[in-house]
Structures are given as C-alpha cells and as structure tokens.
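Input: structures, listed below.
Here chain A shows up in two complexes: once beside chain B, once beside chain C.
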Partner chain A sequence: MKLGVLDSSNLTGGQQLAVKYYTVAVVLFGAQILFGLFAGLQFLAPEFGYNVLDFSVNRMVHVNAMIVWMLYGFIGAIYWLVEEEAGTELVGLKLGNLAFWVLTAAVTVVVLVYLFVQTGPGEIESIWFINEGREYIEAPRWADIGIVVCLLVFFYNVAATFMKGKWSGISGVLVFDLVAVAGLYLAGMFYTTNVSVEQYWWWWVIHLWVEATWEVLIGCIMAWGLIKTLGASRKIVTTWLYIEVALMLGAGILGLGHHYFWIGTPEYWFTVGGFFSALEPVPLVAMVVHAVYDSGVHRFKNTNHPALAWLIAHAFGNFFGAGVFGFMHTLPQVNLYTHGTQWSSSHGHFAFFGAYATINIAMFYIALQKWRGNVYMSAGLADNGWKWKWALGLLNMGVVGMTMALLVSGYEQAFVERALGGSTWAAYFAAQNSVWFIQGMLWREIFGLMTAAGFGLLVWDLVTIGRTETRSMLIPAEAAKAAA
Partner chain B sequence: MITTAWWASEDFWRKATIWITAFMVVVLIVLTYDSLSQISAGTERVPAYSAINNRIYYRQDKSRNMPVPVIGDPAPLFGKILSETEAEALVEKGKITTQAKNCMGCHTILGNGAYFAPDLTKAWLDPAWGSEGTREQLMMRFLLDPPANSRGYGSKRRMPNLGITEEEARGIIAFLKWMSTIDTNGFPRNFTPIAQEGDR
Partner chain C sequence: MFEPVEIQNILVATMAGALVVMFGALYALGFAMGKLNKQPGMLRAAYGAYAALSVSVFVLAYTLNLNGIWWGVTLTMLIGYLLAPQAIWKLSVKTHEFSD
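And then the complex of A and B:
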C-alpha cells in the first residue's frame, strides 16, 4: 500500500462499489449544471437551442440528473459505511455490482432518449418508453421498474448485511427508511386521467422523498460522518438522530399538505399543510445545533477537513435552503401568490444543494481519503488546500447567488402576475418581460457560471487531493489530542 | 456516575420516533381516503369529464371568499354533445398527450411544473383566446403549428413544434376545458376569465 495512490485494495468490497456510484454521481452533477446553464440561458435568449434542445428538454435533464446523482450519492454513501457499521462483509457484492451496471445502463438509455427522441405521440406507449412528462419523475415506466428492482437489490444488500453482522441505532433507522424510499416510488408508477388524483400521488413520491425519507437518510449519513471525522460519541449522535427523525417525520409527513392547497383537494389541507409544514424547519435547527455543537466540543480538530467543512455546509444549507426558504412561502396565504412562480425555483435550488449536494460531496472526500490509503487530510494540506476551499466557496456562493437572483424574479412575478395582473397569460408575460425579472434571470446565469467554476475546481481537487501527501490520516483521538 | 435524564435518553427517543411516525402515517392514510373520495371525477370539487359539454364560468363565492368554477348551460366542445364515456376517452387522449409531449417541462399544470411558459390550469378560460366564438378555432390552430401562431406577448419565447396531430389537439383542448372545472381553492390568485356570453 503506497500512500497517496488511488488503490482499490485500500477499500472493502462495498466501498469499491461505492466509489463506482460516486463516479457516476459526479458525472451527473456536471450534467445537471451544464443543462441548468442551457435552460437558464433560454430565459435570456429564447432562440438558443430552439427546436433542437428546447427548454423542456434542458430542464428535464437538469432536474432528472439532479435527482439521480443525489440517489447515486446516497446509495454510494450507504455502501461505503454498511460493512464498517455492521462489522461484516457485504452479503451480495456481485449482485450489487450487477445492479450498479444495470442501473447505469438504464440511466444512460433514458438520458439518450430524453435528448434525441424527446417526446412521443399521445399514446400510452410514449409514457412506457419515452417519458412520463411528470416533473422530477419523467423517467419512462420501463425505467421505473428497473429502478425499483435495483433499489430492492440495494435494500437486500444493506438489510442482509446488518442481519449477518450487528445492528446499531443508525442502521436500524437506515433500513427502516430504505423500505419507505423504495415503497414510496411505487406511488408514482401508474397513469390516471384525473389530474388531481395523479398529482395527489405524485407528491407522495416527491415530497415524502425529499422532505421526509431523504432527510432521514442524510440524518443517518451525517451521524456516521460526525463519528468518523470528529470521533463524536455514538450514544450522543444516535440520540440526536432519533430526535431529528421524530421531529422530521412528525412534521414532514403531514407537511405534505402544503402541496395540496391548489390541486383540487379539500380546504382542510390549508390548516394541516400550513401548520405541519411550518414546523418542518424545527428538526433542521436541531441538525445545525447538533453538528456545530459536536464540532465545537472537538474544537474542529478532525480527520478530514474538506469533509467536515461540507458537513457543516450541509447543516446550514439544509436549514436555510430547505427550512427557511421553504417556510417563507409555505403558508397558504403566501403560497397562493407564489406557487408556480420563480419563488419555487429559488427555494428548490437552495434546498436541494444545501440539503443533499453538500453531504454527498462530504462523503466523496471521506472516500478519497481512504482510497488513497488513509492519507492525511486535516489542517495544513499541500498548497494550503486552496482548491477545496475555493471549490467550497464558489459552489456555495454560486448557489446562494442563484437563489437570491431567482427570489428577486419570483417577487416580481408574484406581484405583477398574481397580485396586480389577474393571473392571465398576458399578466404572466407582463411579469416575464419586466426589467427586474430579467435582471434576476441575468444574475442567476452569472451565479450559475460561478457554480460551474466551483464544480470544475471540485473535480480537479477530487482527482488530485492527497496525491503528493506523505503523512497518514490522524485517527479521531489523535486529532482531539492535537487540540488539547 | 452521570445518569441521563429520561427525556434525554436514547431509549425514550427511539420509542418516541416510532410512535410519532406511526401516528402521522395513520393520520395521512385517513386523510388520503377522505381526499381521494372528494377528488374522484364526478364530485363537486372535480367534476365529471362530461362537463366539457357545458359552458364553464368562474364565480366569486362570498362565503369561501374565492372564485369557484361553475358548470353552466350546454355548450358542446367542437359542436358535439358527448356521453360520459366518450368525454372521458377524449380527455384521456389529451391528458396522455400532455404527458407524452412533456408540457410540464415548460408550463405549470395546477401550478406544478416549469416556469418558462404560462400556467395551463385555467387556459380554457384565459382572455388570450379573444372571445368564446373564436376560442376553439384559435386553440386548435395554435396547437397544430405553435411557431407560426406564437403568442409571446412581446417576449421572444415561442412554443416549439411538437408534431401535435389534430386528434391529439382535440384531446388537449378537452383536457384543458375539463381541468378548468376543477375547484382549485381560488388558484391562480385573482384570475380574470375570458368574457363569455351569459357571464354572471
């Protein structure tokens, strides 16, 4: 084992599988940014890509690449930690590898069809083989079935490995949550003409994934990450995890109601959705307190500086992006004006990045550290670690900048189109054509380019970090001693 | 030895997590049963597909303080009264087409989707179509050749040509008319519908 060299023999079987998932995740992250830039540009120059790569195609690839890279990141993270947490080898490594290649081949075919076939005739076959035309879950039905099968293989691997080895608080929550993640996807796998019923179930997938089960999943990853990087006490971390999950599901399950204000569903959802979704930021506060407190107790001395920095970015990004920016327009009295405007995309950009992109990136760094033979990644890295620091800064500033720019456009749209204009198509375009709206869109594109620069730097850093390092990784106890 | 208070113990929070989650799931299931019964096609909130045989109005409901759709006198789509089965088949054609053409990639439907093009929830009632008399014809012409009949309102955004057939366009128009009958609790805010003969 040579320090600083990427060597698969440094990794367990599950971890070798994890880095495959991470590799595809990074490629899809790049695709998300690229197609986001195209779509953003079309707000400023609508003729760009017209009839070749229309906005609908760019936007579909943009949001689907995001969902899929995040899922790849989560699956990778869990394959990364499962053997260590269970204290035994992965039970179905070959099956896991097969599922990875099948899933990746399916994702590739789906993206190629999105790009080159794009749409189909108004027949049910189009929904089976081209795209379902439902935001976030556009993947055609055949791919849905493939996704469920691959998720079941993944679930089997994780649950059976814990059953063979040992259980912990983290693994218990994780396995319980994975049942829900896979099960909820089924709620989006049928066709119905009744658009109200369709959107009712569609939100079961979207909301109960991103605002409930995914949050629990990253709660588990965060708990493990804090033990790993800081050497935090497992007992304290596990107790916090339970508190977070209780609050998260206590608020988030019925918080689903904030999607049921305007789709034809009864008025009682105003009360249920408004009340519970207003509580949704509470567990995110708990997560910030938990992460910052633990880091403070350990005086920020840790085994992996880039990873801990991204974990802290996650805690704050999750709280501000998902929590504060979600709360801002979750009450029906506000949402009546903001639903379906750029407010939603402002919140969406901040929330998905803050809650999920950040923690995946943290896990990438944890993986690279071990992949290079447990290389040193604490304070005082080569070149002062400028690449990871600038990548962290550019990506976060880029996304926060996009969020704020979209919010300006969103305000303009809500005022001009809804409050003043009478919500007609003419009012819609009056808002879209207003100078402040367009300025918001311009700044969004500029900050989008900043995000892209941050991504480029991140990839460069991921490829090079630790390559010339001669020191070995500190173990958490040593890191703590260095602080004393 | 430091003992942990009951409210800070791992055991207490594990149990609390299980009970809280189970309770919320049960409440959600109960509300789901109720909501689905109120939004199946043919209910007050989500009218039957044959509503496309009638004129659709928008009227201010004083007690709810919001405008609500009203199904008025017969006004058959494309001049033909359809049975419930025929109406459903036509709306279904339109709904599948909106998915196959990925309309949500640019538009919003019930406010959900992308924000590059206007919301379609009340498209049938939008003043964009001039008058009742010209509406069906204009919608048909637009859907069959969007670039040539673009309505960008001073913006350069144009709907691309999606190869929509006449049969699909009829379906889309039926779907849009039916969707405008859904009681959306006053969304989109402040909506000003097209002027119609017999408006009240």
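And then the complex of A and C:
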C-alpha cells in the first residue's frame, strides 16, 4: 500500500464500484450548477438561448441532474460501506457493475434527448420516449423502468451481501429503507388524466423520497460516517439511528399534507398538513441537544478533517435549509401566497444542498482517504488544506447567498403577484418585472457563480488532496495488519 | 377552514415562523450546554430563549389567524419545543450509560 497514490487495489470490489458512482455524481453536480447558471441568466436576459436551449429545458436538466447526482452519491456511499458493514465481499459485483453502466448510459441518453429533442406532441409516445412531464422526475417511461430495474439490482446486491455476511442495526434500517426508495418511485410512473390524482401520487415520490426515505438513507450513511471519522460507539450511533428514524417518519410522512393544500384534495389536508408540518422541525431542533452532548463527550477527535467539516455543514444545512426555511412558509395561511414562488426555490436550494449535497461530499473525502492508501487527512495537510477550506466556504456561502437572494425575489412575488394581484397573469408579469424581484435574481446569479467557483475548487481538491502526503492515518499496528 | 394571513402581516408571520425554529434551537443549545457544563446561568438563558420562542409562537398564531382547531398547532409547537430537548437529553445520558 503506497501512501498518496490513487490505487484501486486499496479498495474492495464494492468500493471500486462506489468510486465509479462518485465520479458520475461529481460530473452531474457540475451539470446541475452549469444549467442552473444558464436558467438563472435567463431571468435576467430572457433572449439568452431562446429557441435553442429554452428556460424549461435548462431548468429541467438543472433539477434532474440534482436528483440523479444525489442518487448516484447515495448508491456509491452504500456500495462503499456495505462490505465493511457486512464483513464479507459484495454479492453480485458483476451485476452491480453492469447496472452501473446501464444506468449511466440511460442517464446520458435521457439528458441528450432533453437537450436535443426537448418536447414532443401530447401523445403516449412522448411519455414513453421523450419526457413524462412530471417536474423533478421528467425521465421518459423507458428510463423509469430502467431506473427501477437498476435500483432492484442495487437492492439485491446490498440485501444479499448482508444476508451472506452479518446484519447490524445500520444494515437493517438501510435494507428496509431501500425497499421504500424503489417502491415509492413506482408511484410517479403511472399516468392519469385527472391532474389532482396525478399530483397526489407524484408528491409521494417527491415528498416521501426527500423528507422520509432519503432522510433515513442519509441517517444510515451519517451513522456509519460518524463511526469512521469520530470513532463514535456503534451501540450509541445505532440507538440514535432508531430514534431519528422514529422522529423523522413520525412527522415526515404526514407532513406530506403541506403539498396537498392547493391541488384539489379534500380540506382535511389543511389541518393534517399544518399540524405535522409544525412538528417536522422539532426532531431537527431536538438533535441539537444530542450533537452538543456528543461533542462535549468526544471532543471531535477525528481522522479526516474535510469529511468531518462537511458532516458538520450537513447538520447546520439540514437544520436551516429544511427546518427554518421550510417552516417559514409551510402553514396554509401563508403558503397560500408563497407556494410555487421563488420562496419555495429559496427553501429548495438551501435544503437540498444542506441536507444531501453536503453528506455526499463528506463521503467523497472518506473514499479518497482510503483510495490513496489510508493517507493522513487531519491537521497539518499540505498547503494547510486551503483548497478544501475555500471550497467549503465558497460552496456554502454561494448557496446561502442564492437562498437569501431568492427569498427577496420570492417575497416580492408572493406580495405583488399573489397577495396584491390575486394571481392573475397581469400580476404575474408585474411581479416578474418588479425591481426587487430582478435584483434578487441578479444576486442569485452572482452567488451562483460563487457556488460554481467553489465547485471548481472542490474538484481540484478531490483530485489532488493527499497526493504529496507521506503520513498514514493508521497507527503502526493497523498499518501492518492492512499491509498483510 | 382557515383565514389567510393579512397582506401587511406576511413578513411578520414568516419571520415569526423562522424565529420559532431559531429560538427552538437556541433553547436546545443552551439547555444541553447548561446541563453538560453544569452552568445554571446557561440554563436560565435557555429558558429565556424558550420565552422568546413562546412570544414568536404567539405572534405567528396572531398574524396567521390561528383560531379554532388551529390552536392545536400552537399548543403542539409550545409543548413540542419545550419537551423534546429534555427528552433527547435524557435519552443521550441513558444511551451513553447503557453503552459504558
């Protein structure tokens, strides 16, 4: 094992597969930012890309790239940890590799169709081959089926590996959650002509993925990450994983109601959605107590500074992005004016980045450490670790800046278009042309560029961190065992 | 079913909503630090944050016209934010005892 060199022989089969997923995830993260910048620019210069790369296409690629890079990150993270957690080799590695290439080829074809074909006639063929038209999950039906098949292969690999090896608290939660991740996607695949019914089931995918199954998934990844970076006790982490799952699902499942306020569902959803939405931030707030308790007891001694920094960014980002920015406008009395405005976009940017992008980036750093032969990645890195610190700062400041700028635009929109104008077309255009709305959009683009700079630095750091390092993170006895 | 927020109250209502969660976190932070370091002053500050949270909840309830069945949401927030950190503290202590 040579320190500082990217050597795949340092990795298990599952971890080599994970690195492939991570690589595509980083590429898609870049695509998300690039097409986000294009779409943001079109608010300021509407003629940009007109009839070539329209706003609808840019936005679609932007949000789809986000969903898919996060999924790639999660799948990679689970392939990364599954063998260590099960204590055995990955079952179905060849199948897993095949599924990776099939999924990646499908994603490439879907993106090319989005970019070059874009739209089709309102026929069933368009749904099958061009675009299903459901926001966030626009992939045509052939690709939907492919995604489900690949997720089932992934589920088989993970479940069979645990069945062959050993089960743990983390693996039990993980496998049950994967059933829900694959199963819920089916709710977004069938077509009905009733738009209320259509939206009802569509939200099962969007809300229940994001605010239930994904939260549980990252809970598992976070639990494993804390054991690895802080050396936290497995027993404690597992107990807390169960508590977190109970709290998240307790409030999160029926929190779904806040998406049912305005789609034509029965009125009781106002009360159900309002009540459970009020409860949703409570687990996030309560977890502050546990974080303080644990940091007081364990003093944050760790073996991978960039990874831990991103895990901390995750804790804060999840709290502010999902908790604070979500609850600001989740009750129907105010959501009447804010839903579907840039206010939602402000919440979405902060919450997706804070809750999910951060933890994927933390896992990239954990992977790199082992890929470079368990290289030392704590204090005293080469160049004082300026690249990862600046990437962390620029990405977080960029996203927070975009969030605040979109909040200004969203407030203007809620006020001028909805509250004053009564949601007419005239009011819509009045809001879109108001000074505050445009200024918010300008600042969003500036902070978007800051985010892009942070991403560039992150990629540079991921490629170079630990390259000149000669110290090992392992104590001599562990290093000898690893070499043997 | 519900009465929408008045136009002039949109900003106050949304800020109150954000402050509920922020003061909730400050209360949780102060409570945990006060318990961990055995600092009564910090605990008092935590309850001060809870008092501010309560004010935010009432401002939110007033501006959002939360009446009738919606009082349940107000009470849920007040009770949930008060008790959840205390319950999590007890669980933290017990899980660590259990592990040690």
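Here, the second predicted complex is superposed on the first by the 463 of 484 C-alpha atoms of A that agree within 3 Å, B and C clash if a C-alpha of one lies under 4 Å from a C-alpha of the other, contacts with A are read in each partner's own complex, and residues count from 1 in each chain.
Note that a contact is a pair of C-beta atoms (placed from the backbone, for glycine too) under 8 Å apart; a residue touches a chain by one contact, two chains touch by 3 or more.
Since the model is a prediction, treat every value here as computed from it, not as a measurement.
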{"item": "Partner chain(s) touched by A:Gly133 [first = chain B, second = chain C, both, neither]", "value": "first"}
{"item": "Contacts of A:Phe325 with chain B and chain C, given as first, second, both or neither", "value": "second"}
{"item": "Contacts of A:Leu336 with chain B and chain C, given as first, second, both or neither", "value": "both"}
{"item": "First, second, both or neither for A:Tyr50, with chain B first and chain C second", "value": "first"}
{"item": "Touched partner set for A:Thr193, first chain B, second chain C, both or neither", "value": "first"}
{"item": "Chain B versus chain C as contact partner of A:Glu267, first or second or both or neither", "value": "both"}
{"item": "Which partner, chain B or chain C, touches more chain A residues", "value": "B"}
{"item": "First (chain B), second (chain C), both or neither touched by A:Asn384", "value": "neither"}
{"item": "Contacts of A:Ala419 with chain B and chain C, given as first, second, both or neither", "value": "both"}
{"item": "Touching partner for A:Ala278 - first (chain B), second (chain C), both, neither", "value": "second"}
{"item": "Contact residues common to both interfaces of chain A (with chain B and with chain C)", "value": "235, 239, 243, 267, 270, 336-337, 419"}
{"item": "Residue ranges of chain A touching chain B (in the complex, touch as defined)", "value": "39, 42-43, 45-47, 50-51, 54-57, 59-60, 118-124, 126-127, 130-135, 138, 169, 173, 191, 193-197, 199-200, 202, 235, 238-239, 242-243, 245-246, 249-250, 253-254, 256, 259-270, 272, 336-337, 339-342, 344-345, 413, 418-419, 421-426, 428-430, 432-433"}
{"item": "Chain C residues within the chain A interface of the complex", "value": "1-5, 7, 10-11, 13-15, 17-18, 20-22, 24-25, 27-29, 31-33, 36-37, 64-66, 69-70, 72-73, 76-77, 80-81, 84-85, 87-89, 91-93, 95-96, 98-99"}
{"item": "Partner chain A, residues of chain B touching it in the complex", "value": "8-10, 13-14, 16-17, 20-21, 24-25, 27-28, 31-32, 34-36, 38-41, 45-46, 49, 64, 88, 91-106, 108-116, 118-119, 122-123, 126-128, 147, 151-158, 160-165, 167-168, 171, 175, 179, 182-192"}
{"item": "Chain C contact footprint on chain A (complex, rising order)", "value": "233, 235-236, 239-240, 243, 267, 270-271, 274-275, 278-279, 281-290, 292-294, 296-297, 319, 323-325, 327-334, 336-338, 411, 414-415, 419-420"}
